[in-house]
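Okay, got some structures for you below.
In the two complexes that follow, subunit A is the common piece, with subunit B as its partner first and subunit C second.
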Partner chain A sequence: MDDRNVILEVRDISKRFGGLRALDTVSVAIRRNSVHGIIGPNGAGKTTLFNLITGMLLPDSGQFEIEGKPIKKVRPHQLVSIGVSRTFQNIRLFKGMSVLENVMIGQHVHTPTAVFSIMINGRKSRSAENAAREEALAALGFVGMARNVDQNVDSLSYGNQRLVEFARALAAKPRILLLDEPAAGMNPTEKQHLLRLINSLQQKDYTVVLIEHDMKVVMNVCSTVSVLDHGKKLAEGRPEDIRRHPEVIRAYLGKSDRGHA
Partner chain B sequence: MKSIMSRRRGLAAFLLLLIGYHFTPYFVTNLYHLHILNLAGIYTLVVLGLNILSGYTGQVSMGQAGFFAIGTYVSALLMMNWSIPFWSASAMATVMAGLFGAVIGIPAMKLSGPYLVLATVGFGEIVRLVLLNWTPVTKGAAGLVGIPLPTVLGFVVTTEKHFFYLILASLLVGVFIALRIADSKIGRTYRAVCEDELAAEAMGVNINRYKISAFIISAMFAGFAGSLFGSFSGVTSPDNFTFDESVGFLCMSVIGGNRSIVGAVIGAFGLTAVSEALRVIQGFRLVIYGSILVFTVIFMPKGIIGLFRWICGNFSVKEID
Partner chain C sequence: MQFFLNGLPIGAIYSLVALGYSLIYAASGVLNWSQGDMVMLGAYVGFTVFFFLKLGFISALFLAIVVVALLGALVQYMILRPLREREAPPINVVIATLGVAIICRNLALGIWGPDPQILPSPVSSRPLSLAGVSVTPQDILVLSVGITLMLILHSFLKNTREGKALRAVAQDRYAAQLVGIDPERSDAVAFAASAGIGAAAGILIAPIFFVTFNMGASIGLKGFVAAVIGGLGTIPGAIAGGFFLGVVESLAGGLISSGYRDAITFSLLIVVLWLKPSGLFLRKNRQKV
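Moving on, here comes the complex of A and B:
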C-alpha cells in the first residue's frame, strides 16, 4: 500500500487480558480520507483496538503511527491534540449537562483556558467562550441537533444521544474520527441520517474508522473493511469482497452455531 | 438561551439580596447575633471552595478544617511573630493552604469515593495533631492568644460591625470569583470530569490537572477564611479545627446544594443559624444535624437551591420574555 496515503497505521499490536488474547499481532493500515470499517463477532477485539489507539489501554507489543510518526506513551487526553477523537459503544455523555455544554467540552483543547481573564470576566475569556460556543453549535448543526441545544442530554432519545456524542467528537476537530458502533440502538430513519452524515464527513476530508455490527451500514459507507475474530485479523478488503469471503462467513455463522449449543 | 436569561435574573436577585444585606448592622443591634452572622460569612468562604471541589469535580473532602486551620495558624503566627500586616499575612496563608491543597490533591487524583473521604479525614486529623503537639510554635492545646486585629487602609478593624463589613467585602469577592470559576470553561470542565472521567479524557481534558486545581482552589478559599477567622476571634486553638468542623462544612455544602455557588451561601448561613438556635439543647444538636442531612440526601439531593429551582421551574407562571 502507498505509505503516503496511510494516516493511521496499526502495526503488530497484541493485548492480553490475563489468559485471554484480546488482540494477537493485528496490523491495520487506514488510508487518509477513507471510511474504514472494523467488523467481527462479539468479543473479537474491536473495542479493545479502539481503546489501544486512544491510549486508554497500553498494548503488550506493537505500535501505532499517525502520519508516519510513532505515538508511544501518549496519554489519552493528548491524543485529541494529535487529531484523534472518538465516540463510545455505550454512550458516555456528561449527564446533567445541556447538549451545548456537552459538545463545548469537545472544544476543550482548541480554546485557551485564560485563568486570570476568567476571574475578571475579561475579553479574552469571553471571546474564547464565544468561539467554543460557535464551534459547538456548528457541530450540532451538522448532525442536525441545533434545535435541542439547551436541553439536558438525559432527556434525549437514544439515537439523539448518539448524535450529540458524534457532535462532541466532531467539535474536537479530529483528523481521524473513531466511531464505536454509532448506529447501535438507532431506528432505520436515524440510520439513514447517520449514513448521510458519515458520507459527507468523507467529503470534508475526515478519516473515519467505524466499528459496526450492522452490515447494511458497513456495506453502504465503508471503503475498506477489516474483519477481526478472536483477536486476529481474518480478512481485509472492499466490502463487496468481504461479504463473500469464506473465512468471514464461517466466523459469523460459526458464532451462531455455538450460540445454539 | 432562555435558561441563561432566567439564571442571570436569579443571580441579579441574589446580588441585590447581598447588597441589601449591607444594611444588616442597622437592624441587628444584638452583638451576639452579629457575631453569628460574621461567623457564617467566614464559613461561607470555606463552603464556596468546598462546593467547587466536591460539587463540581465530585471529590468529597472531609478535611476542609485542616486547610482552614492552616490559614488561621499561618496568618496568625506571621502577624504575631514577625508583625507582618494582616493582608500580607492573609495572602501568604492563602498561598500556603493552596500548597497543602496541591500536596493532598496529587495523591487524591488516584482516589475516589470512600477512599478519598478517608484520605481527607486523615489529612484533617494530621493537621490538628501537628498543631496540638508542635508546642514551640503553635503553643499546643493552649493555642494562640492575642492574634492582632486586621487593618484596612490604615483603619483598624475592631468592633463586630467593622468586622461585618470586612467579612462582607471578602464574601462578595469570594462569591464573585467562585461564580466566575463555576460559570466558565473551568466549571464546565469540572462538571464533565465529575460526570465521566473517561469521556472527558477522550475529549482532551487533562483530568489530573483539573482535579488537583480544584483541590488547590478549595484549599485557598479555606485558607483565606482561616486567616479572617484568626483575626476575628483573636484566639485560636486546635479545638477549633476538629473532624466535627469538617463534617459541618460538608453538611453546609450538601444541604445548601453543592453544585451551586448560591447554595454554598444558603447552606453556610442556614446551618450556622440552626446550629446556634440548637445550642440550648446541646445534646440533641448532632441528632438534628444528622436528621437534616439524611433528609436532604434522600429527598433533595441537589440541596435547598435544587428544591428552589424545582419550585421555580414547576410552579412559576410562564415567563413573559
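Moving on, here comes the complex of A and C:
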C-alpha cells in the first residue's frame, strides 16, 4: 500500500485488562478519504481500539501515527485540533443543553479568544461566537437536524440524538471521524439517511472509521473492512471478500450474536 | 419567626461556601479543603484594602474576589494539575488541598498576625423593626449580595462559553475532552469561581465575626456540611443546604441552647448521611452543576 495515502496508522497495538488481552498486536492502516469498517463479535476489542486512538486509554505497546506523525503524547482535548473526532456507542451528549449548544461546544478549539474579551462580551468574542454558531448550524443542517436547534437534547428520539452527536463531531472540523456504532437503535429510514450521510462525507474529503454491527451498513458504505476477533485482527479487505472469508464466517457472520450491543 | 429570619444571612454565607465545594467537586471530583481558607483570605484582603488602601467597601469586596479567585486558579494549575498529570490517586489530591489550607493559614498568620481584626460594616448595625421582627441592615446587605452572587454564578454557567464548558466537563469529562475542551482549564475556572465566591463570603461575614487566621476551619466545615446536606456536586443543593443549615442553626441556638448549636449541626449531617446520603434536596434525575 502506498504509504503517503495512509492518514491513520495503527501499529502493533496491544492492550490488556488484567488477564484479558483486549487487543493483541493489532495493526490497521486507514487510507485517506476512505470509509473503513471495523467489525467483529461483541468483546472483540473494537471500542477499545477507539478508546486507545482517542487517548482515553493508554496502549501497553505499539503506537498510532497520523500522517506519519506519532500521536503518543497528545492529550485527549488536543486531538480535535489534530483532526480526530468521534461519536460514542452509548450516546454522550451534554444533557440539559440545547441541540445548538451541544454542537457549538464542539468548536471550542476553533474559536480561541482572550478571556477578557469573553468577560466583557467584546467584539472579538462575539464574532467568534457567531462564526461558531454558523458552523454549528451548517453541521446540523447537514445531518438534517436544522429544525430542532433550540430543542433540549433530552427530548429527542434516540436516532435524532445520534444525529446530533454526529453533527457535534463534524462541527469540530475533523479530518478523521470515528463513528462507534452510529446505526445502533435507528429504524430503517434513519439508517438509510445515515448511509447517505456517510457516503456524502466521503465525497467531502473526510476519512471515516466505522464500528458497526449492522452488516447491511458495513457492506453498503465501507471501502475496506477489518475484522477483529478476541483482540486479534482476523482479516482485512474489501467487503465482498470479507463476506466470503471462511474464518470470518466462522467467527462472526455464522454466529447468532449479530444483535445490537 | 425571628430565629428563622436570623438564620437567613448566615445561611446565605453557608450557601456561598457550599457552592464553592460543589462547583469544584462537580467539575473535577476533588474535595477542596482549602475552601474555608479562601473565605479567610477574602476577609483579610478586604480588610487590607479597606484600611491600608483606604478604599470603600465595594472596592474591597471586588478586589478581594479578584485576588482570591486568581489564587484559586493558581492552586489548580500549580498544585492539582501536576498531581493529576502524574496520575496520583484522588486521596493525594484531596490531601494536597489540605496542605494548601495549612499554607494559607500560616501565611495569613505571618502577614496579618495572630490578633483578631474587625472590618467595620458599611451599613449601620442598629436593628430595624419590621412587622414585629427586627433585622439589621447588615443582614440585608449579606442576603442581597449573597443572592446577587448566586444569580451571577447561575448566569455564568448558563450563558457563557466557559460556563458551558464547565458544565460539559462536570457531566462527562471524557466526552468534553473529545470535543476539544481542556478540562484543566475548566477546573481552573471552577477553582477561581469557588475561591471568588468564598472571598465574597469572607468580606460579608467580616463585620459580624472577627477576622482571624484560622477562621477558615470552622466556616469551611460548616459550608461543607451544607453542601453534603443539600447534595454534594449540585448547585441548587448547595444553595438550599446552606440556607437550611443557617436556619436550623439559628432555631437550635434560639430554642434549645447556643452551646449545642454545633453539636446539632453535625448530628444533622450524620442523620442525613445515614438516611439520605445523596442529599436532602435532590430530585431523582440529578443534574450536576
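We adopt the following convention: the second predicted complex is superposed on the first by the 251 of 261 C-alpha atoms of A that agree within 3 Å, B and C clash if a C-alpha of one lies under 4 Å from a C-alpha of the other, contacts with A are read in each partner's own complex, and residues count from 1 in each chain.
Note that contacts are C-beta pairs under 8 Å (C-beta built on N, C-alpha and C of every residue); 3 or more make two chains touch, one makes a residue touch a chain.
Not measured: the values here are computed from a predicted model.
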Subunit B and subunit C placed together on subunit A: clash or fit? clash
_After the superposition on A, what does A:209 contact: first (subunit B), second (subunit C), both or neither?_
neither
Practice item. May I ask you to decide whether A:222 touches subunit B, subunit C, both, or neither, giving the answer as first, second, both or neither? Key: neither
Query = A:150 contacts which: subunit B (first), subunit C (second), both, neither?
reply = first
So, A:76: does it touch subunit B (first), subunit C (second), both, or neither? both
The answer to whether subunit B or subunit C touches more of subunit A is B
**Request:** Would you sort A:85 into first (subunit B), second (subunit C), both or neither based on which partner it touches?
**Result:** both
Overlap of subunit B and subunit C contacts on subunit A, residues 54, 56, 75-77, 79-81, 85-86, 88, 92, 94-97, 101, 105-106, 108-109, 111, 115, 118, 125, 129, 168, 172
Within their complex, subunit C touches subunit A through residues 160-162, 164-165, 167-168, 171-172, 174-183, 287
Subunit A residues touching subunit C in their complex are 54, 56, 75-77, 79-81, 85-86, 88, 92, 94-97, 101, 105-111, 115, 118, 125, 129, 168-169, 172
In the complex, the residues of subunit A that touch subunit B are 54, 56, 75-81, 85-86, 88, 92-98, 101-102, 104-106, 108-109, 111, 113, 115, 118-121, 125, 128-129, 132, 150, 168, 172
Subunit B residues touching subunit A in their complex are 1-3, 177, 180-181, 184-186, 188-189, 191-192, 195-196, 198-207
